[in-house]
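Same chain, two partners: subunit A is paired with subunit B first, then with subunit C.
Our next item is the complex of A and B:
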C-alpha cells in the first residue's frame, strides 16, 4: 500500500532576480512501513523536498507545481486547518540540528506534552506526562523522569536529538520524515540514533523518509533508495540492487567515493567538478559536465527517469555502463 | 531539577541590593495605596477644617492646605491614583503593543506596512500633546457603556498613546524569531500561526515585555502628574499633579509643605521604579547575564 505519493514536485525560491527551481519534477512514493531513503549531495534539493511534503517552505521558498498525496489527500491543496491536523499527528518530522529546533524556554517534557495535548491524543496532562516519560525512556534517555524537567541547553546533542525523536513520535505518526537526523552528531552517536530509528520503525510499523548524504547510513537500513542530483532523481531502486549494481554514473561515482577498509588504494575516488548552481544548470543531462561517459546526446537532450527493470528507475542514456 | 529561566532571573534580581530596596519602597507605596483606597487609613483626605495653611505639626505631619485638609492623607491617597494610572495604562499599552507588534512582525506584508505607518505617524507627534488632546476628547464620552470620566480617561489616553516603543521592539524581535528553527519545528507539529506567535515565540521574548512594562509604568506616573497639573486628569481626587498645581500659587506665601509633600512622594516613587526597572533589565536580559 502506498502511504505517500509525491508527483511532479517542483519547488524552489522566488527571489527578486526571478525564480530559481531547486527541486525539479521529483516523483516517488513511500509504501506503508518501509524506510525510504533520499540520498544526494549538499544543495541537491533533499531538504526542500522534505519541507515541501508538509508544505513548510516559507517565503522566499515556494512550491511551483506538483501533488503530494498522503492517504489519498493532496497535502498541497487541503486547507490549513486540515494540514495542521496532519502535521505532527500523522506525519512527524525530525530535523538536522536538534539544538536549534527545540524551543529554548521550555523543558523537554513541556514540549512533548504540548504536542500531545495539542493533537488531543491524550485525555489530560498527567496522562500526557506519563506517556512523555515512557517515550523518553523508549528513545534511550537515562533518568527520563528527571530529564523531563530539563531544558534543551542542559542536554547533549545526542540527547536533544533523542528528545526530538520522542517528540515526533509522541502522537504515533504514520510517516516520519527524518531530515539528516544525524548530520550534527558525532559518528558513535550517529550509529545509536540510526539504530534507534530503525527499531522504532519496526516497533511502531511506521514509514520513514530518511534524508541523508551518507550512503553508508542508508546501506543497512533503507529498503528503497532514491538518488538525487541537482534537483532531480537520477536513480531509484531497492537498496541491495543499488549497492550491488548501480546503473547511473553518478550513483556509481558516489559508491566509489565511499572509503573501503579492505582496499589498499592510496587515493580515494572523487567525482570531478562541483554540483551546478540552481538556475545555471547545464544543457541536457545535468550530470553531463562531470560525467566520464557523457557523449554528445547527453549535452543536448535531457534523459527522463524510466523503468529499466521492474522496480528500478534510472535517468541516463547509458544506464549500466561502467565509469 | 533546575529552576526555570524565569525563576532564575527573579533570584538574580533580588540578589541586587538596589533592586531589593527599591522593591521594598514600591511595596510600601502599594500597601499604603491599597489601605487608602479601601478606607483603612487617610479617611479624612477630603475633610475640610477651618485651620487652613497650618504648617507641619504632630497633628498634621505635612501641614494642611487652603481648605484645612491634611496634606499627608492627600499625598498617600495620591499614591493610589498614581499607581493605578501607572498599572492600568501600562497594561493597555502593553496589550496593544504586543498584539500589534507580534502580528505585524510575523505576518509581514501589507498588514505590517500598515502597522508601521500607524506607529510612525503616532510617534512623529509629541506624545504629551496627543495624551492631552485625547484626554480632552475622551472626557465625558462613553465607551462600550463605560462612562469615561476622571481616571478612566487618563488610563485610556496614556495607554492608547504609549504603545509605540513596545510595538517596535516586539515587531523587531518577532521578525528575528519567526525564522528560527524552533518555530519551523512547531509548525511541523501542526501549530497554527497564532499558536506559533503566542505559544512559541512570545515566551522567548517575554523578558522584553516585563522590562518595557516597568519603564512604561514610570512614564505613565509622570504623564498622569502632568495631565492633572494641567487640569485634564482626575477631578476632585487628590492626584499629586493637582496638588502641585494647587500649591504653586501659595508657594510664594511660604507654604512649601503641600508642594514638597506631593513632589517628594512622586520623586521617591519614580526613582524607585526607575532603579527597579533597570535592575529588572539587568537580570532578565540574556545579553546582560554574567556582567557585573
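Our next item is the complex of A and C:
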C-alpha cells in the first residue's frame, strides 16, 4: 500500500532575478512501513523535497507545481487547519541540527507535552507528562524523569537528537521524515541513532523517509533508495540492487568515491568537476559535463526517468554501461 | 621533525554565578611526526584534536609540555624568530566558508602570506599565485574572483593554495574534507597526497572520518577526552585495533557492504566523562574495577603500536 505519493514536484526559490528551480519534476512513492531513502550531494534538492512534503518551505522558497498525496489527500491543496492536523500528528519530522529546532527557552519535556496537547492525543497534562517520559526512555535517554526538566543546552548533540525523535514519535506518526538526522553527530552516536530509528520503525510499523548524503548509511537499512542529482532523481530501486549493480553513471561514481575503510587504495576515485548551480544547469542531461561516458545525445536531450525493469527506474541513455 | 612532549591544555571556565571549572582539553599528549609523513589524528568532537593541532602551530598558549619543531621549542621563541618558524608551518581549516576573507580576491588571499614575509616583488608574487592555482587545480582566471563565487571544494583548494604559498614543511589539516561532499572529498584527498609526494610535506591530518584518515595517513593517533588512547601505524591500527574505543569507532563506520562489522556489546547510552579513572570506562564493555580508579598509561605492544588500556 502506498502511503505517500509525490507527483511531479517542482519547487525552488523566488529571487529578484526570477525564479530558480531546485527540485525539478520529482516523483516517488513510499509504501507502508518501509524505509525509503533519498540520497544526494548538497544542493541536489533533497531537503527542499522534504520540506515541500510538509509544505514547510518558507519564502523565498516556493512550490511551483506537483502533488503530494498522503493517504489520498493532496497536502498541497488542503487548508492550513487540516494540514496542521496532519503535520506533527500523522507525519513527524526530525531535522538535521537538533539545536536549531528545539526551543531553547522551554524544557525538553514541555516541548514534547506541547506537541501531544496540540494534537489532542492525550486527555490531560499529567497523562502527557507520563507519556513523554516513557518516550524519552524509549529513545534511550538515561534518567528520563530528570531529563524531562532539562533545557536543550544542557544536553549533548546525540541527546538532543534523541529528544527530537521522541517528540516526532510522541503522536504515533505513520510517516517519519528524517532529514540528515545524524550528520551533525559523531560516528559512534550516529550508529546508535540509526539503530534506534530502525528499531522504532519496526516496532511502530511506520514508514520512514530518510534523507542523507551518506550512501553507506543507507546500506542494509533502507528497502528502497532514490539517488538525486541536480534537482532530479537519476535512479531509483531496491537498495541491494543499487549497491550491487548501479546503472546510472552518477550512482556508479558516487559508490566508487566512498572510501572503503577495509582497504587502503593508492588513489581514491573521484567524480571530476563540480555540481552545477541551480539556474545554470547544463543542456541535456545534467550530469553530462561530468560524465565519463557522455556522448552527443546527452548534451542535447534530457533523459527521462524510465522503468528499466520492474521496480527499477533510471534516467540515462546509456544505463548500465560501466564508467 | 615534530616532537611533542606531554602537551597539556586546560581551559578555565568561570564567571559570576557559575562555579569555576576546568576543562581538560588535552592532557599529556606525546607523539612525533617524521619528515614527509602524515600523522592522522582521530577522535570525536570534544576529544581535543583541534586543540592539539593549534598548539603544534602555537596558535594558542600551552598549560604544560613542550613542542619541538626541528629540535627547537617553539613556545620559547620570541616573536621575531617565531615568525621565521611560522613560515615553515601552515594550516588548512575545516570550514572553507569562514576561513577565507570574503572581501579579498583569491589573489590577495593567496599572496597575503608572501607579503607579510616580504617574499618576492609584486610581479613574482602574481606569477606564484597563478602557478599555485594551477597546482591546486583551479583556473588561473580565478585569481581576481572573490571566495563567494566558488563552491566548497574549490574554496578548500584556495585554502590549500594559501597554505602552501610559503613553501612550508609542515601543514596541519584540520578536518579539511568534512564540509565537502563525497565526490569532492576524494578530489581533495588525492590533491593533498599528490602535493605531499611532490614537495615532501609533513602533514598532521585531523579528522573524525576514519575511512578518509586511513587513505592518507602513515601513522594514526586516536584521542578520547583529551588523551591519546592508541597510536600505531595505519595498517596495524586498522587491521588489529586494541583499545575498546578504537574497536567501537571502527565498527561504527557505516560501510557500503552493510552492517557486517558491527559489534553490539557496547552500552547504547551516552554519559559524562568521569573525573577519575579511564575516561572511556562508562561506555566500555570490558570495564574493570581498576579502570574506575586509575588512569591507564600508554604501553607499547610492538614498536609501532601502543595503547592506554588496562586490558593489555
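As a working rule, the second predicted complex is superposed on the first by the 319 of 323 C-alpha atoms of A that agree within 3 Å, B and C clash if a C-alpha of one lies under 4 Å from a C-alpha of the other, contacts with A are read in each partner's own complex, and residues count from 1 in each chain.
FYI, contacts are C-beta pairs under 8 Å (C-beta built on N, C-alpha and C of every residue); 3 or more make two chains touch, one makes a residue touch a chain.
Because the structure is a prediction, the values reported are computed rather than measured.
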Subunit A as common anchor, with subunit B and subunit C clashing or fitting: fit
Which superposed partner A:274 touches (first subunit B, second subunit C, both, neither): second
Touching partner for A:1 - first (subunit B), second (subunit C), both, neither: neither
Contacts of A:260 with subunit B and subunit C, given as first, second, both or neither: second
Of subunit C and subunit B, partner touching more subunit A residues: C
Subunit B versus subunit C as contact partner of A:213, first or second or both or neither: second
Contacts of A:118 with subunit B and subunit C, given as first, second, both or neither: first
Which of subunit B and subunit C A:103 touches, first, second, both or neither: first
Subunit C versus subunit B - closest C-alpha approach in the superposed model, Å: 6
Complex interface listing, subunit C residues touching subunit A: 44-45, 151-154, 181-187, 189-190, 193, 208-212, 214-215, 234-235, 238, 248-259, 262, 268-271
Touching residues on subunit B, where the partner in the complex is subunit A: 1-2, 4-5, 179-182, 184-192, 195, 199-200, 203-204
Residue ranges of subunit A in contact with subunit C within the complex: 41-42, 140, 142, 156-159, 186-192, 194-196, 213-217, 219-220, 243, 253-255, 257-262, 264-265, 267-272, 274-275, 277
Residue ranges of subunit A touching subunit B (in the complex, touch as defined): 54, 56, 58, 80-81, 83-89, 92-93, 95, 97, 100-107, 114-115, 118-119, 146, 149-151, 154, 164, 167-168
